[in-house]
Amino acid sequence: MRKSWFMLSAVLILAALSFATVPAQAAGARKIVVATDATWPPMEMVDANKQIVGFDIDFMNAVAKEAGLAVTYKNTAWDGIFAGLASGQYDAIISSVTITDERKKNFDFSDPYINIGQIIVVPKTDKITKKLADLKGKKAGAQIGTTGAFEIKKNAGVELKTYDEIGLAFEDMAAGRIMAVVCDEPTAAHYALQKQEYKAKFKIVGEPFTHEGYGITVKKGDKELIALFNKGIKAVRAKKLDEKLRKKWLR
Amino acid sequence: MRENSRPMIEARNVSKHFGSFRALHDVSFSVAANEKVVIIGPSGSGKSTLLRSINRLETIDSGSIIVDGVNIADPKVDICNVREEVGMVFQSFNLFPHKTVLENLTLAQLVVRKRSRAEAADRAMELLKKVGIAEKASAYPGKLSGGQQQRVAIARSLAMNPKMMLFDEPTSALDPEMIGEVLDVMKDLAREGMTMAVVTHEMGFAREVADKVIFMDQGAIVEVGTPEHFFTNPSHERARQFLSQIL
Amino acid sequence: MSTSESPQSHIDVGDGAAIPTKSDVGLFTAWRIAFVGSIACCIFLAVYKPDPYLAIFKFVPDGILVTFKVTVGAILLAIVLGLFTGLGRISTNRLVNGIASLYVEVIRGIPLLVQIFYIYYALGRFVRIPDLFSAIIAMAVCYGAYMGEVFRAGIQSIPKGQMEAALSLGMSRRQAMRHVILPQSIKVVLPPIGNEFIALLKDSSLVSILAVSDLLRRCREFASESFTYFETYTVIALIYLVITLFFSKLIGIMEERLNAGK
């Protein structure tokens, strides 16, 4: 009997250890879990070492440092990322979330920490498309539930195809199944201009056609966390840390 | 008598194994045109295997079987051409259950013999009348008694106008009261001069119809002779034993 | 010595919805309750809480149509593929048999989701075909392997004597297969094909991962904009339930007819 008790407790301890992924942060800092959909390079992505990296991650770390927070990241599929926040599976989202009126009805946002716009990527063979309206009668892809998808939908006659990850949309465009992809400008630049495979195939057309502010998203009514984030963002801006990160990640 | 100069079936030194089991061992025999040969022997003696190897439902390991001048042991031979000419009747009838009696008789005529529909149907009805079940032409085999099914099966083979007929225990799966009607059809066939090889346990039939009786045991032919010789005075002890058990 | 037959007419395939027959009283009652209940739920939700339920119901019909297109297209293609695979699996030609067996083994060893992804994007590398067709092909390739096993079992359930009788009449193997064996197998394979159809109907939701706007993706698009995840998934579940229940009943009736026919 004694032996089995020992085994049981050993298993329990091991289990507890494996779940306790304690971030290396100063003791006493408030611990929060932040969700991100790390399929949106260069804002958030998984690098070769399986680490979640990107502009948002560096920025969040800088904010957390200023606000005295200890952050653990949780890689979460975009479709459902808001549902997870609403049901309390994590405390906040930093994942290139554009602050929109619709989203504000359901969630609270920090002050915008960067301004970015949507842009169109098409195959190099396409000489006509300059704006979304030019895509009438064609299929355009975007990630499900993103402002890019909402923008396509506004254009009657353009058929929207929604993907779980933006990378799949680019792959489908490479296969000729869709004629355009709409996404955030840095992500578009990453896929169309940096990724070897796509560089020869795709081009970015025109300028960003929306002006969107990204915010850190929290559950409706989480005033305390918003205050901490805004304080952190202010401090990061004052130290010009965001400028440095922009140079590091966004050319 | 030129016809009789060449045997319809001639097997030479045929051997076959199922794994390590010796099914046929150095078997040689022949069936002349118009001859009726009855093969008897205890179960497991190889008589069915021998019969089935005549139209290559079983392949043989060595030896040769010449059917109507064609060596069917030669793998290059198109066996279908041989089978067209060799009718076969099975213990379990093997009628096609999804087709009517008439369709059972016409199918191979249409597909293999390429006869016209009318021609095939005429031939089928003629044979159904002959075996005495013309009224069941549009019934499905499932609605027929065992004896009726076997008669249809015989008619199905005859519809192809075969040069010879093989019967593999045609009455063994039948209730006793139905055996007679099937044997009667076979006797008629024998009277008409059909070349026949029959595996059976019906000794009465063998005695009445056979020109030649072949007795097999343990994969080998033990004794060959006329029915009179075989049933009255067999020369081998094994044959005597078998007869005493069965008669 | 080989005339004894053991017809194995029972085919063991079934991860589809249970198909109720009148003889199974418990299941039959459960079917009624579930079917009527789920429809009643839909109506109740749409009337009682039109925001967001009525909006969801209005949003998804074209998605249901796509789900049907994928299911019907894939099952038809899978039946053709399965027939050839099944024939290949019993072929005495070693090459044909090897290819068919390899196909079945490979497909059965890979999760459906991975296959669908793989085939869809692999197709995109070599040929230009619209997404819906690519998705249908992907589903059909997966289900063709399972269908092949259904056909193989169906063909093998026909007593050996049938083939022998056909051959002894001078038919070639091919003629015997076509005129004697396959027509009899159909009755045996129809019920498992019905099962596969329902399983495929449900698995067709996986094509939503390929950005095909089927029922599931339409609903997810709705939810991603309105943040009504719970409500939307409630509706998805109800719609799938109504559809699969409807079809399992339909297949059950077809089967009964088939059995009564003989």
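Order of writing sets the labels: A, B and C. Residues in every chain begin at 1.
Heads up, the rule we're going with is that a contact is a pair of C-beta atoms (placed from the backbone, for glycine too) under 8 Å apart; a residue touches a chain by one contact, two chains touch by 3 or more.
Quantities reported herein were computed from a predicted structural model and do not represent experimental measurements.
Q: Closest chain to the overall C-alpha centroid, by per-chain C-alpha centroid: which is it?
A: C
Q: Name the chain whose C-alpha centroid is farthest from the C-alpha centroid of subunit A.
A: The chain farthest from subunit A, judged by C-alpha centres, is B.
Q: Would you kindly tell me how far, in whole Å, the mean C-alpha position of subunit C lies from that of subunit A?
A: Roughly 38 Å separates the two chain centres.
Q: Which integer distance in Å separates the CA centroid of subunit B from that of subunit C?
A: Here subunit B and subunit C have centroids separated by 46 Å.
Q: Measure off the straight-line distance from the CA centroid of subunit A to the CA centroid of subunit B, and report it in whole Å.
A: 80
Q: Using the touch definition up top, name the residues of subunit A that touch subunit C in the complex.
A: Checking each residue of subunit A against subunit C gives 79-80, 82-83, 86, 102-103, 106, 141, 144-145, 149-150, 161-164, 168-169, 171-172, 174-178.
Q: Residues of subunit B touching subunit C in their complex?
A: 23, 43-44, 46, 48-49, 52, 55, 57-58, 80-81, 83-88, 90-92, 94-98, 107-108, 111-113, 140, 142, 153, 156-157, 160, 168-169
Q: Once bound in the complex, which stretches of subunit C touch subunit B?
A: Residues in contact with subunit B: 1-3, 5, 159, 161-162, 164-172, 175, 179-180, 183-184, 187, 262.
Q: Mind listing the subunit C positions that touch subunit A in their complex?
A: Going through subunit C, the ones touching subunit A are 121, 123-125, 128, 130-131, 134, 209-211, 213, 217, 220-221, 223-227, 229-230.
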